[in-house]
Amino acid sequence: MNVKEVEKLLNDVKNGETTVNKALEVLKNFPYTDLGFAKIDHHREMRTGYPEIIYCAGKSVEQVKEIVKVMSERENNVIGTRANQEMYEAVLNIIPTAVYYPMGRIISVQKKKPETPESSIAVITAGTSDMPVAEEAAITAELLGNKVLRIYDAGVAGIHRLVDKLPEIRNCRVVIVIAGMEGALASVVGGLIDKPVIAVPTSVGYGANFGGISALLAMLTSCSTGVTVVNIDNGFGAGFAASMINKMA
Amino acid sequence: MNVKEVEKLLNDVKNGETTVNKALEVLKNFPYTDLGFAKIDHHREMRTGYPEIIYCAGKSVEQVKEIVKVMSERENNVIGTRANQEMYEAVLNIIPTAVYYPMGRIISVQKKKPETPESSIAVITAGTSDMPVAEEAAITAELLGNKVLRIYDAGVAGIHRLVDKLPEIRNCRVVIVIAGMEGALASVVGGLIDKPVIAVPTSVGYGANFGGISALLAMLTSCSTGVTVVNIDNGFGAGFAASMINKMA
Amino acid sequence: MNVKEVEKLLNDVKNGETTVNKALEVLKNFPYTDLGFAKIDHHREMRTGYPEIIYCAGKSVEQVKEIVKVMSERENNVIGTRANQEMYEAVLNIIPTAVYYPMGRIISVQKKKPETPESSIAVITAGTSDMPVAEEAAITAELLGNKVLRIYDAGVAGIHRLVDKLPEIRNCRVVIVIAGMEGALASVVGGLIDKPVIAVPTSVGYGANFGGISALLAMLTSCSTGVTVVNIDNGFGAGFAASMINKMA
Amino acid sequence: MNVKEVEKLLNDVKNGETTVNKALEVLKNFPYTDLGFAKIDHHREMRTGYPEIIYCAGKSVEQVKEIVKVMSERENNVIGTRANQEMYEAVLNIIPTAVYYPMGRIISVQKKKPETPESSIAVITAGTSDMPVAEEAAITAELLGNKVLRIYDAGVAGIHRLVDKLPEIRNCRVVIVIAGMEGALASVVGGLIDKPVIAVPTSVGYGANFGGISALLAMLTSCSTGVTVVNIDNGFGAGFAASMINKMA
Amino acid sequence: MNVKEVEKLLNDVKNGETTVNKALEVLKNFPYTDLGFAKIDHHREMRTGYPEIIYCAGKSVEQVKEIVKVMSERENNVIGTRANQEMYEAVLNIIPTAVYYPMGRIISVQKKKPETPESSIAVITAGTSDMPVAEEAAITAELLGNKVLRIYDAGVAGIHRLVDKLPEIRNCRVVIVIAGMEGALASVVGGLIDKPVIAVPTSVGYGANFGGISALLAMLTSCSTGVTVVNIDNGFGAGFAASMINKMA
Amino acid sequence: MNVKEVEKLLNDVKNGETTVNKALEVLKNFPYTDLGFAKIDHHREMRTGYPEIIYCAGKSVEQVKEIVKVMSERENNVIGTRANQEMYEAVLNIIPTAVYYPMGRIISVQKKKPETPESSIAVITAGTSDMPVAEEAAITAELLGNKVLRIYDAGVAGIHRLVDKLPEIRNCRVVIVIAGMEGALASVVGGLIDKPVIAVPTSVGYGANFGGISALLAMLTSCSTGVTVVNIDNGFGAGFAASMINKMA
Amino acid sequence: MNVKEVEKLLNDVKNGETTVNKALEVLKNFPYTDLGFAKIDHHREMRTGYPEIIYCAGKSVEQVKEIVKVMSERENNVIGTRANQEMYEAVLNIIPTAVYYPMGRIISVQKKKPETPESSIAVITAGTSDMPVAEEAAITAELLGNKVLRIYDAGVAGIHRLVDKLPEIRNCRVVIVIAGMEGALASVVGGLIDKPVIAVPTSVGYGANFGGISALLAMLTSCSTGVTVVNIDNGFGAGFAASMINKMA
Amino acid sequence: MNVKEVEKLLNDVKNGETTVNKALEVLKNFPYTDLGFAKIDHHREMRTGYPEIIYCAGKSVEQVKEIVKVMSERENNVIGTRANQEMYEAVLNIIPTAVYYPMGRIISVQKKKPETPESSIAVITAGTSDMPVAEEAAITAELLGNKVLRIYDAGVAGIHRLVDKLPEIRNCRVVIVIAGMEGALASVVGGLIDKPVIAVPTSVGYGANFGGISALLAMLTSCSTGVTVVNIDNGFGAGFAASMINKMA
């Protein structure tokens, strides 16, 4: 709500075009439902063009169910990330159209179809073990209304597997690169293509991987330009940011 | 160079439309000048639409001068980052049109004007001390052909200074947020606007700042969606990635 | 026991107003019950105005039961933190008035009502997942005799949820801010109000959260003045320190 | 500015008791002077009861001078922390009443005397080498209008030096404990007195001190209740928070 | 595929000695089978002289079975590392000749006997607890066609146990040293023999071992020349690199 | 075996007082039994005056049983640390006199009574939760032939509990201090007594304790002289080193 | 001051054998001179048998001079560690008998000769670069009244240099081992001799040495029994602790 | 010296073929010159086939000169690493044939030409800034008698620069890969060639490079087989280990 809108509102009050109470209601602004343990932000979708997202980890099954219920009553699309099977079943009891993606650990309730641009998002992984994070990214992007090109197990130890797919990747508008271990794939992809690369370090590996630190540091210090990074294992964050870029007018 | 192009080239050889030597020249592909201590990649600008970038830190004055010289002979635009005054003066001796931006530590040699889109990039800092990193980002973006909106010293300890600028920020296509200390500004901006946010942690601070780790971790774990992160103090990387997004058709 | 009191005691001995043995008993000072595995400090409540606190984690069920028993025999209030259900049931067997708060993991035995000041303590969390830590803080504060205002799920990604509550928060005498992830909420609250803020980083999050380090560092490097920090997930410590400040004459 | 105030303002507009333009001016709210490189918040002192603070490290001498100048023109008290001699001399040129505290690295411009409560703040250090941080805390507290009791070099290796001062310390309303190395002093003081303790870890030491991490972790994990912690070497933050508590009605 | 080979291929096309399609096939180069979740590289063995290796950790039982099946159909030797009993049983169902080494956690399918040089590889451990990593190294080396000398529990706390074996160790061509805790054995062995030493830090230990960091850092900073290091617990990597060196012509 | 002994041996050979074979046997030196997975050093007790110690963690039950069996056949005292109940039962099957200390996790087989000096070792803990580590230290010291004074739960938050015991502690020859959290107890004890202090950090605590790092760093940076440190939770190491000092002639 | 002494003092007061004022003076106990910036503990030498030690780093030249002056006026021996040449010269101006050891960075003022036992302390270094730390340890031990055997540059990369010196080392009562890099020497020495080993990690090295962390962790996790550790580069602490053990009756 | 040699020596003594004194001299074994601050190992070259190496960092100019002098008197080749210009000039004064390599910081005194095999060692860097480390590796390898192929500035951001050199690299017997930042080059080279790869992380970079940690972790977790790692910036160690492998019969 910027200064111009406030000026207009004040003039409306002065001119009797709106009442003090109505103006107050507007100025109180962004309404939300307060569940006590969670404040649900119904106007968010209108403001941001995206559905409200629930980060389910650390919430009880009961809390997840309650939040999804209140949200979907407003005819919003709902995405629940890091959700387990038990949470999904609780939601399914009250919303029979809810869908669960087990590898990506996502619950989806879709009330309206999002607009989908022509261009695609590429999701590339270094190894097979990076797939759960990749699926979180890919499904997030799809639910937000994007076409996704999946290229899995294309790590730098056998770089010809990547080179073979370059033409397809270059047709995408933005690329998500997902790798654990030494995370070199982000630099290699960033050096070969001229598109924004969102790198996701994964906790895949052992020893000096230190739960994803090796890949995280490698991606942050990538010598390839155009690479930005999200949190370890944060497939959702990468999918969301990639969607923002891909859906740009 | 994809399979189709190779197929065409082979057919051209077969049909006598090109010679073995010419085809060989093409297949040898991406030419570069080898200075011994550096390999300069002349086709990069054609491939990527961007000039070659020299990371000057860790190179000798003599090396920087030599690399800039070879590059600018090919009529490419050249950007040298992390350059000091002495490097600039060495370059100036041989290229009188070279420009130096002391706060952003950038040497620029501009041979042709880049295309500039209508939309802008916002560069926001939490404090005055973050300005050198911000200038590196802003000047990089400008040299690559972008309009930049600078908003400096708008940290969360006095959040009304940011709120006041929100309408202008919302008019930009992509936002760079630069903060040291606790790095909270990235999350706050990410929660208020619906645009990609590229967060740059800075090493500004002391003690538990640990050379920028506090801001880096805060930005990586931001609860706001649409935030991606680059290396500590990497203003250049943020400016480059923001330019990629801003210049998207 | 300060110099004046010792002087008086010596004069009492000299004047025969007390015996050597009695004085010795006093000088031996702070008595405690020695259970072998634990030394219980009965005079602590008199010295500090607060009940003895038992940190139950790392103690056996049998040890917890024994310590609570000895303490409550002296008519002191007892608080057991980080207690599990099994410990509570063992205590309940011998003290039927014992109460258990499962979300805050606290056992309480209340023998006398603490004095309660007019002013309140605000307990604010960034997310729903921070609630167990928040409840540990809130219940600690209440058991020590404070009124508590709970505001949960008011993180910076939707900062209007916080702004809406500012008038209530400003009425409190001290504020506890609890956040995981990037911990930005402490800085934002600290910048908006003029009261001591006690920040509690939580281990909520994943990846670069590193078990709470991201929020801890962010809170320690907060650019907002008046913010002090306690250990990761240490709701009890925040509740106790806030009570000290709130109950100040 | 809370909902009630906005309601009143809107009624004033409606009733013609104020003009749209005046109301707009109020709603634009918290004014500040924008220097380009810094945004100075003139209403902060009114809102928070404290002067604006300038963190001078990382700013140029010219920037510090300019910010102090604009601030002091509004008859506010100004405190510049982490200031060096050169910054002070630049300020002195334009404000002859400016004072510099070299050990605490603070520039002060005092336009009006702050109110000073009866109660004191104790500032205790473990060693002589912790004195610069202690002076930053003590002078901050004094400039904000507090009486300060300084007790330096009272570390736990000779704990009788501390015990001797306990009666004086117990007369203070809040205690700042400053220690490097193993930081044990905070726990010992916290165990002996019944007042809020603000612990400041210092970077004093070598080896496994790791620039203050040893003391920081020790203070965060203190087994004494009522201890909260600020950033390594952050004497200013401790002095400011202690002042907030000491000046409470 | 180097420039000369491409030149020859182009001449062959020109001269009709090969067809465009055949040349294209060659240039498409390194073929692989794409399983969607994994890309299997069949020419790798020809290129590198070694079988394809499957890192089984993080893959589902179904994925491991599928990958082994496709690989062994091409008559390649297959090695699966970090495999558990359940994975082995799934493989055994379809390939009855598969062998499992439980201590080294390796599945082996051997279709042809590798060539074995005269010289041996020594595998030395500091303690009994390092044996699982040692067996991973030893069995890897044996499956790749090497003779292995095992010397277990020869740590520096009883250095005569090592000295006694020196003549045998000196007869080997390359030495793998495996140790947790302080990892001193690598330096001691490196100082006593004149052969390449590959050091494997293990996560054996507790406390300041930090999951293998103590041994890792010790081995990286070894003052003995000729010592190189692999990841914590990476017995496979050591066995593979040692085999490369031992099988050198 | 020093130069003089070798000289004598050579003279014996020359003079026919011993045979080449016998001398060779001596020079082959320190014999041990090689079990393949472990090398047992029978002469160690003679060389060092202490029994052989088995670190049981990371060994299989079968391995522990086999090692204890071979050792005890030579009439040596055997101590197994970090042993669980199952290991003990396997040992008990073959050595009915074996004893198990569950809190200290130690298996003991005592074939001969060690000499015990008059002086004692004090074992002091900060909290009740440190007891398992303390018992490992105390029982180790007792099995090696020392009298032990146990003082548990005497942390610095209630320092009078420690002061009360000072006379007893000062009568000991060496002091072991065991503490988690902030580890301040080692510094306080080191400042009050004039005896060697061996500090054992424990992993007791949470959050910024980081598995014992807080106490470890605090103890390493202790400002009290005469404090040395062993690994986190290494009660055995402290007990063994204290015994060495206490049993000194 | 134990309970018995207090009892006697009280009886003296009662019986008129001492006055209240005199008793009070005694109970005020441990006197010290308060310089404001430092509290000098004159009774320490009597209590502990050792001179007061000044840690000079972080103190001003003026402060060091003042502290040494007050101390030496009481005829105590004074040791100043981490002292530079400038500090020494300031002290020399007022105390012409002061001595400076530049490699060990120690100032010594010796007023009385300490008693020296027959037995020696061995100080062993891995490399030549560890000598400054070794000299700090050796000179500390000598000034406290011990004979010292220096063995420098005996690292494990050429272990025969150590073995050659074993007979001499075994004649010492306690051994200090000083090493940077991988710190393996402590384990090797600990495995070869039956005496307490005090290990000093040094910051000598680069890269993964991380300022001494590699050696520190290695020494803490040493598999040799009887090894305890002091802070990185803390030669003084090792010399002091070794002296305590060597001078034991 | 193994058992057989001792047996023979003893028989020689018995048979009078050698005297007790001569045998003793042999058994005293590996002779060295003791300079007090350094023990020089003259037989090392005979034992290991390599010259003695002096790590000059942390040694005084005087010490370096003295050690080089003693060594070169025995007609050994001498290599001094991490040497500065001043050290070289001191050496040059006494040994006019000494050579200095400023970029690699190496002093060389060559008394005899080492044997040089046909095969080469490749030294590849990611960037120009990695050259000092690369030169340390390359010159070390050359001084030890190896041919070196230098390929500098071939990082993964422009991977065609590397691909172009693959045929030459594949002709080498062992490859050293040197990279800072994200260290991806080691994985890429390891995936393209079938030779041992020794990876050297460098401290080149800033921010999340953390002095070389990013490259170190990336190289340790490399998914390419056959890669082993040395310490950050340890060009010498890589050159030495590569020489060992290259000179293998």
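As written, the chain order gives the labels A, B, C, D, E, F, G and H, with residue 1 at the start of each chain.
Here is the rule we use: contacts are C-beta pairs under 8 Å (C-beta built on N, C-alpha and C of every residue); 3 or more make two chains touch, one makes a residue touch a chain.
None of the values given here were measured: they were computed from a predicted structure.
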{"item": "Those chains which touch chain G and also touch chain A", "value": "C, D, E, H"}
{"item": "Contact-richer chain pair (by C-beta pairs counted) among A-B and G-H", "value": "A-B"}
{"item": "Whole-Å separation of chain centres (CA-atom averages), chain C against chain H", "value": "59"}
{"item": "Rounded Å distance between chain D and chain F, as computed from the means of their C-alpha atoms", "value": "49"}
{"item": "Separation of chain B from chain D, taking each centre as the mean of its C-alpha atoms, in whole Å", "value": "38"}
{"item": "Junction residues of chain E - those touching two or more other chains", "value": "3, 28, 55, 127, 158, 207-209, 216, 220-221, 223, 225, 231-232"}
{"item": "Full enumeration of touching chain pairs", "value": "A-B, A-C, A-D, A-E, A-H, B-C, B-D, B-E, B-H, C-D, C-F, C-G, D-F, D-G, E-F, E-G, E-H, F-G, F-H, G-H"}
{"item": "Chain C partner contacts - residues on chain G that touch it in the complex", "value": "3, 6-7, 10-11, 13-14, 16, 20, 23-24, 27-28"}
{"item": "Residues of chain B touching chain D in the complex", "value": "127-129, 131, 152-154, 158, 160-161, 164, 204, 206-209"}
{"item": "Chain D-touching residues of chain C, taken from the complex the two chains share", "value": "2-4, 47-50, 53, 55, 166-167, 170, 173, 194-196, 198, 216, 220-221, 223, 225-232, 236-238, 240-241, 244-245, 248"}
{"item": "Complex contact set, residues of chain B against chain H", "value": "28-30, 32, 36-39, 41, 44, 55, 57-59, 63, 201, 203, 211-212, 216, 231-234"}
{"item": "Residue numbers on chain B that touch chain C, as the complex places them", "value": "126-127, 155-159, 180-184, 186-188, 190-192, 205, 207-210, 213-225"}
